[in-house]
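Given below, in the form of structure tokens, are the structures.
You will see subunit A twice below: alongside subunit B first, and alongside subunit C after that.
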Partner chain A sequence: MTACVRGAVLKMIKRTTLVDSRTSVTDVKFAPKHMGLMLTTCSADGVVRIYEAPDVMNLSQWSLQHEISCKLSCSCISWNPSSSRTHSPMIAVGSDDNVNVGGKVQIYEYNENTRKYGKAETLATVTDPVHDIAFAPNLGRSFHVLAVATKDVRIFKLLPLRKELSSSSGPTKFEIQTVAQFENHNSQVWRVSWNITSTLLASSGDDGCVRLWKANYMDNWKCTGILKGDGSPVNGTSNQIFNSPLGSANQTIQNSLNGASAGRYFFPPLDPPRAGSRWSSYAQLLPPPTLIEQTCDADSVNSQLPHPRRRYTTQPENEWV
Partner chain B sequence: MPSSNDGWSFSATAQVQRHRSTSTECGYIMCFNNSATAGTKMEKMARVTTSLGSNTISGCTMFCHLDAPANAISVCRDAAQVVVAGRNIFKIYALEEEQFVEKLNLRVGRKPSLNFSCADVMWHQMDENLLATAATNGAVVTWNLGKPSRNKQDQLFTEHKRTVNKVCFHPTEVHMLLSGSQDGYMKCFDLRRKESVSTFSGQSESVRDVQFSIRDYFTFAASFENGNVQLWDIRRPDRYERMFTAHNGPVFCCDWHPEDRGWLATGGRDKMVKVWDITTNRAKEIHCVQTIASVARVKWRPERKYHLATCSMMVDHNIYVWDVRRPFIPFATFEEHKDVTTGIVWRHLHDPGFLLSGSKDSTLYQHKFKDASRPVDKANPEGLCFGLFGDLAFAAKESLISGGGDSNRKPYGSGGDRRYPIFFFKKPDLTEQFAHESSALSVFETDLESSRMDWFVETARRYLLSGKPFGELCDHNAKVAKELNRPQVSTTWTMLRIMYSDPGNLATATSISKGGSIPLMNSFNMKEIAAGGLGSESRLDRGKGEIRQDTIHLDPGNSLINNNDENEETEGSEGPADYLFGDAELEDDDLYPMEHENPTAEEAEYSLPQEAFPLRHEIVDNPSVPEHLQDKVDSPHVSGNEAEAVCLTPIKSFSLISISQPLYESHLPASFFSPVVREMLQHYAEAGDVQMAVSVLIVLGDRIRKEEHWYTSYIDLLQRFELWNVSNEVIKLSTSSAINCLNQTSTTLHINCSNCKRPMSNKGWICDRCHQCASICAVCHHVVKGLFVWCQGCSHGGHLEHIMNWLKSSSHCPAGCGHLCEYT
Partner chain C sequence: MSGSKPDILWSPHHVDRYVICDSELSLYRIESVGNSEAKAGALRLSEETTATLLAINSDTPYMKCVAWYPKHEPECLLAVGQANGRIVLTSLGQSHNSKCKDLMGKEFVPKHARQCNTLAWNPVDSNWLAAGLDKHRADFSVLIWDISSKFTPEASVTLDKIRLSAGDTDAGLVVTKPLYELGQNDACLSLCWLPRDQKLLLAGMHRNLAIFDLRNTSQKMFVNTKAIQGVTVDPHFHDRVASFFEGQVAIWDLRKFEKPVLTLTEQPKPLTKVAWCPTRTGLLATLTRDSNIIRLYDMQHTPTPIGDETEPTIIERNVQPCENHIASFAWHPSSQNRMVVVTPNRSMTDFTVFERISLAWSSTGSLMWACGRHLYECTEERNASSVEKDISTKMRQRAQSRYGHDTEQVWRNYLLAGDDDPQLKSLWLFFPIPASLMKQYTEDLEQKPLVNKLPLVYSGIKNIVKSSSGTVESWCCWNGSDRQANVIRYHSDERCLALQLCGWIKRGPEIDVEPFLQSLEVEREWERAAAVALFNLDIRRAIQILNKGASAEKGDLNLNVVAMALSGYTDEKNSLWREMCSSLRLQLNNPHLCVMFAFLTSEPGSYDGVLYESSMAVRDRVAFACMFLSDSQLPRYIEKLASEMKEAGNLEGILLTGLTKDGVDLMESYVDRTGDVQTASFCMLKGSPGEVVKDSRVQCWIENYRNLLDAWRFWHKRAEFDIHRSKLDPSSKPLAQVFVSCNFCGKSISYSCSAMPHQGRGFSQYGVSGSPTKSKVTSCPGCRKPLPRCALCLMNMGTPVSSCPGAGKSDEKVDLSKDKKLAQLNNWFTWCHNCRHGGHTGHMLSWFRDHTECPVSACTCKCMQLDTTGNLVPLDSV
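Take a look at the complex of A and B:
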């Protein structure tokens, strides 16, 4: 097996096989770096396993540290990446079970006293099968943000409630807010992914589109882009996009308007037909040659695109330019 | 199941040629249940021999309880009966539409002999009365169901010394039977004789499986416990034709492909199923499937070139059907058994729709393929991930991605599926579809600068965090931010400078912000005001006395602020600024209490340790703080809000500050701003810009309390971008011990003695064993405790500096060995 890292081809060598699961392993994630070299798997029989490699120089040794039984067949896990000492290690587990009713997202927290993971919360509002789950990079926040891919995209905020002195041994309680819920995919949502500063959430669904979500300073989440795999426009505003792509005028406007990620986010009211015109993507697919041909055509229309990879960009709306 | 009837009829015709070649068959039984396929196909169908038996197979997933665990099962040629054999069971069941019906118990007699303890059983594929069993005591027994007596035992061969693992009838030669035993021998029997015809010695360990090739009349394969597979010619018992090592550890099973002459599937304890092409000179591994437990049985699926079924010997109770071309996920899974599955067999030679299995849980199952669970349905079909720099990779099935735009591309699976032979021109059965096999990966780059992470790296590299006076650091960083098109951040730096600097420097600060002429847009301003407003309501009474005083003091400033507001409104034709103040409604009355509330409100809301900033501390602080810390006391007698207003209208604000400066010197120390700044940093952090938060913290130094969590987050980010130097600087500059100690880990240095090569004790520089100093500089004769440079010619060396100096003046070795050392 090989992997490519920044142009260098690395040869991957199998160091170990983790054989504890008796059923399909549905997800595997490394724990946040500050916890050491740990690995979590979840499997269809509802067991989450946490392994640790005590010696990072010897990757053939992974000891099974914890086995958490979730009672529901698991489909995805996510570590809370927070490195704060006030946040104990936390895992969110999503289930694709469609037999039982009830919450499909469970949150487990490490308890220092019992040295075990215990269930802290169940997101009762998520009752449909969950396909993917992702904690946002924490970056020094006091609360946690969790994105869930189920039949729609949901974003939750988990605010740790202050521990009472008496119940300090129990799991942390959270106030759970549903920050956003989007059904724009009109289909099952399969993946969610945060960017590294947790300012942008991407989701993909059976409609073949990637949608980008962003919050403004009021914590209102809005769709800021729709990306289609083949670079075709999403909502039928094709001519406009392909004829005026990445225009230099647009570019400069954009630059001058641009703040940091912490800067301003202004979202003009987003009516659906407009959505396609705000984000567009160009260029070609990597694997299938047929598509490369196709996008070569697109390039001839749009000669400004020598770059081999696809770009997505915004076109600022007129009303606030 | 009418639809699959069609399927069989067509597939049956495909078998015609094969069976013509082995024309020893009897019984031309035809099936014409489905009139649709009759007619033109009739002629071909007539030549089909065993293809479909007497009637089409139908049924459902069903099971029956056995009295004892099964070891092996085998099915009759016409697919109507199945024999189950085990240590304590030997029975024949009839397969009916919805149930198993026990037909015959072959374990008769009061004291069943060990010959009945079966390890394996096989039903003859041509003679439906003939069965063979392999007994655990080494006996090979044949059974004739046509016998009139209750005891159907026919022949008994007791030539093997240990358990017989496997018996196998020749597929076309009626009287030929082959056995493989734990004693390492394989024996071929002619059922018309009393003893074996020939014995094959593998010269190897125990034989686990023997299988006649279906299409090579003379060839059989044997698998061994040492991992080898041997191919034998039945006519040459002296030595094997070929041998190859197939697995690590025992090879438990093998199976010839029913259609492809050269393919042999093997399964072993190493949890692998391998498919070998043995037509080439060296057996070539063409497919490999990794399962989760040692493979006990492997059976090719009829009519499906790439499918095979496996069950495992321990741990795993499921039966898997694999498409060998997609080895990472089973095509289908049967999960009914509660204990290890011991025997699997496809019900009919040419029907892929039914699988029979026996298990240690004492059940016999018929699995209908349509009822199998399909793991791929549960697998996530898409992948989506952000890259470090804001690129986005998206993988999904091709049809989804190519989607509407491309009309020439056939959606996958609509006719002409290359996996199935041409006669499957009808709409393929959905249960036979594997999920899409190929995905397309697209990578999106962002043009939006705030989404791309270049600014992060640039900022991290260019920010100055220490080494200069506070004001210069702020100016520099403001400049960096401005050049990177981050006006808000830039302005924040400028403001910080204004807040914490002495008025002398202020001039430059404001001129910078003036030169920038960037319209201020402060989302944090808004937030602050909103929060302050809230606090003021709830806490108004608490600090009333103070507030009253301050209000009086601030009265002049009040009017000034009003001026500012007006200025702001006239100048601020930029939308954002307008928005800010319009929304927050800066009423004078609200303003002052709010500002003063902030410290208390802050403590409560953010649960910060009490180290914060009560006013009276400043009196103590002031004398002790060093030079430029003292300065800050002077400037910020204006409220935080004024300072912000300053930034909104930089030119005016300058005069404002210079006027008000002497008035309130003693009342509003620099720490007064800390809550505001803290809140601002908090805002930055929560909006994902922990870089700003930490950079400000570091630059402010003692002026503000630390937030350890931000440090760790920022350091983590820096390390992900491989900005090691910056990360190290941040660690060094942080005042928190928990962060500082990050640099103290893994700093152990291990030293070996240069004489005896043993590890040195950590006590000193003299080796315990050879009592010599470890590495002595040839020039100064002292121990070298750091870098030791040595000549590769004479192996003398010493301190880098000493050697360098020495070799400048002399080319000879300083140790006096006479070597002409060369220093490059």
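Take a look at the complex of A and C:
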């Protein structure tokens, strides 16, 4: 297996195989950097396993540190990336189980005293199968934000209650607020992903669209962009964009929206201008690797056609330098 | 295809054509909307595509099954299997090809009439057409016809049979002798040719699946099963076959034909169609009767015949292309995952099954996703207005413009903060003031007894007014007149300090706002200047400012009118002026003009109209409060305002809270709201040395900001930030983590140096200081053994680079010496953690610019490639 980073071809070497799971492993995530080199897996039989590589120079040794039994078939996991000392390590586990009724998102927290992960919360309002889950980068905030991809996109806010209120040794209690719930995909949502400051959320669903969500300063989440997965334009989105100015309470924004400068959105030169999203998808990178030869042949008809939006443009990496 | 229920067939060679067959055959062409705008008769298939009816063929009654000729020429040639077992070749379209004309209308008639269930053209030898028929006593049920066969020989042999099958006027076109006859005493329900070999035919017989080999027709390979309907070969994996029975799909591996490798979960209703996706491996679409859902099975791992224990990964997915029940569907032969579905009443939908799109954000704010076999990247519009820009973009741009780094000219941050955020601007307006105050106070430390108030400057006005004592009340006069104004003004040292912090007055005992007014005039803030002048009881100056403003703004009528209104001021309680002003002032758009009249019409001691005008800057309101609120009112007001600011996370409130715990609370809600750890970090660092920097929240913001800089690969900026931080907060300086220790005595050479103070500090004498007079230390100060040699210049470490010739190219040396900082680093120790070879940093850097291997001969360590991040370059400038 090879990977290409900035022109240099790197050879990927298999270092180890983790064989503990008896059923399908459904998600793998590295723990946040400050916790050391740790790896988490979850599997269809409902077990979350946390491995640790004690020596980063020796990746063939991974020791199984924790096994958490979630009782529900797991589909996805997400670490809370907060590095604050006041927040204990925390994992959210989503389940695609469609047999049991009840909350499909569980939150486990590390307890310093017992040195074990214990269940801190269950999001009871999420009862449909969960496909993806993502903690937002904390960035020094006093609360945690969790995005859940189920039959819709949901954003939860977890406000840790003060330790005095909960028992000091038990798990942290949270006040859980549903900040947003969007059914715009009109279908199952498969993936959610946060940007580095957790101010933008991207989601993708069975409708083949990528949607971008952003909150204004009032913590009202709105759709700020719809992009078709294949890069083709989305019809009838221009109104939606203009009707959802960020921070409608702010007078200056209204002005700028009415003004000429912000009222028009352009795509980079290669693309025909299209009103609609502030976001543009313009680069189709890397000709598809030949994963399967037959399929690539089938696609060759398409890729040879000159397509205005399917040209590769190098993005200036160091624009501001 | 039972007459009423339409089926759909995609043209094997024209990607835009398909045939719907029910009682007749209709050829459609599919087009994108852009090409066929408002074309009459075009049927809408989806948002982007329409279909146009090109041809209808109703020549063949009793159709049971249809198969499309697989070769390019003749195009649109179809074989139709009929209820009586006859197979008719027919065409859609006006092909003038002579070969086609010969074939058209040709009929292939079995010995005994029975229903034709299925047809399959051989994909390689396209003259061969296989037909699957119902059982008729001991007759054969699989017949393979050669469509090019001449009819004459057959005609002579089976002339009588032709007569039996009467009704054909053109008997010359009837063929009755098949090429092969297979499947005796059985029924055939489905057929497909195996791509492995052109002579292999897979047939779903009555109770078994059979593979017929035409090279040896006496033998067949078969397996008993019920799943005999709809056999179809995976186009991407030729050994994989799907077939179904009732609601269950069986997947077979032809290499291990004894039993199905997989049986898919049973569906409640009987299946009607199963089809492999031609553009993607392992994707099987299934349709059940009376359903509007197509269920897809995504087989992500090819099941292997060996090793039963491997659990195949199958993802089930339901898609609903349309509201109505679906009669049939067909995959598009080349468009990725695209299909057209048709309902019993012939309405059609063009539909694409989207792959699950996986997403990831880059740290620099672009989003990448994978759709099908393509990767897409999407970035925020570069010219988006600053209000709409995401905070991550803003922070990144600010970091690049050295936001926060300038310790001397803190006001520069005011410019760097951008135009869109008044709060941020006011924060950076505030910060230079205490700094300059601090400086001034330190300067005249002897004369001023105010030293004890020095720490107060960063503790916020809230604490300053709390400590206020010795307030002097005075009834003030309007400036330039003897008229007694109806207001009481309060003075004290603390209030004076607060006014200074608000920026109204400069340092000094007397309250002189004139410089402030002038600066406001320069910035063309006429209304604000007028309000400040008025609050300082100088109506004349206020009117003058307004006049000036009116003329500067090209006769702004508003300002003139206000000036006129001001000049009519009277302190008569019941005057018409007062009455009108109090009612009309609310219609003024500008908050400053509004508060001016609020001030003039208010009763002494109650200035709510001014104090709670939220669109006026906090510092103006606070300064106003410091002048006109009594000792009992003032702390209450400030307290209230501060908690409001704290609640809202409004940075203007830092003026009130200062860099205290309250300030951290305020900043916390600002960070919660915006995520702007950058401003929070720089702002709180200003509070050091003090307790605030020790606050875990502040430490957390600083750590997060450093991580952000690292993630953006702004490594220089991060280093600068660390330096900046350690200057302000010495406790944050990290301890040395790497020591150079002597090979012989094992002591850290820097440690032993610092133990001997007369030898200087740290590494400075190891050629680093660059001072020519200093003796170069090339041996361990502990044991006097020589230090290791540089692998390139072979000199002992400690020798400065400049003194060793020929290490790098001459132009390089000039280049390096230009940058003094880098030149110092050039003398440093560098070594590979893997092979332990090393030398002067400068030499190593120039060596690895051209080489990948270690400079030591016979050492094959690829030192620079060991670390994958070694190839990354910082994205910021030094």
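What we mean here is this: the second predicted complex is superposed on the first by the 233 of 321 C-alpha atoms of A that agree within 3 Å, B and C clash if a C-alpha of one lies under 4 Å from a C-alpha of the other, contacts with A are read in each partner's own complex, and residues count from 1 in each chain.
Convention: a contact is a pair of C-beta atoms (placed from the backbone, for glycine too) under 8 Å apart; a residue touches a chain by one contact, two chains touch by 3 or more.
Given the structure is predicted, the values throughout are model-derived calculations rather than measurements.
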Partner chain(s) touched by A:162 [first = subunit B, second = subunit C, both, neither]: first
Which of subunit B and subunit C A:12 touches, first, second, both or neither: neither
Which of subunit B and subunit C A:99 touches, first, second, both or neither: neither
First (subunit B), second (subunit C), both or neither touched by A:206: both
Subunit B versus subunit C as contact partner of A:56, first or second or both or neither: neither
Partner chain in contact with A:197 - subunit B first, subunit C second, else both or neither: both
Overlapping contact positions on subunit A, where the subunit C interface meets the subunit B interface: 24, 83-86, 138-142, 190-200, 202-204, 206-208, 210, 212, 217, 227, 229-230, 232, 246, 256, 261-262, 266, 281, 285-286, 288, 291, 294, 310, 320
Residues of subunit C touching subunit A in the complex: 15, 47-48, 235-236, 278-281, 311, 313, 317, 319, 334-336, 352, 354-361, 363, 365-369, 371-381, 383-385, 387-388, 390-392, 395-397, 400, 420, 668, 671-675, 677, 680, 696-697, 700-701, 703-704, 707-708, 711, 868, 871-872, 875-877
Subunit A residues touching subunit B - in the complex, by the definition given at the top: 19, 21-22, 24, 26, 33-34, 44, 75-76, 82-86, 96, 131-132, 137-142, 162, 190-200, 202-208, 210, 212, 217, 227-230, 232, 246, 251, 254-256, 258-264, 266, 281, 285-288, 290-291, 294, 307, 309-314, 320
In the complex, subunit A residues that touch subunit C: 5-6, 8, 10, 23-24, 83-86, 138-143, 190-200, 202-204, 206-208, 210, 212, 214, 217, 219, 227, 229-232, 235, 246-247, 250, 252-253, 256, 261-262, 265-266, 278-286, 288, 291-292, 294-296, 298-299, 301-302, 310, 315, 317-318, 320-321
Of all residues in subunit B, those that touch subunit A in their complex: 292, 315-316, 329, 375, 378-386, 388, 390-392, 394, 396, 398, 400-406, 408-409, 438, 440-451, 453, 455-456, 481, 485-489, 521, 523, 526-527, 575-576, 606-607, 683-690, 692-693, 707-710, 712-714, 716-717, 719-720, 738
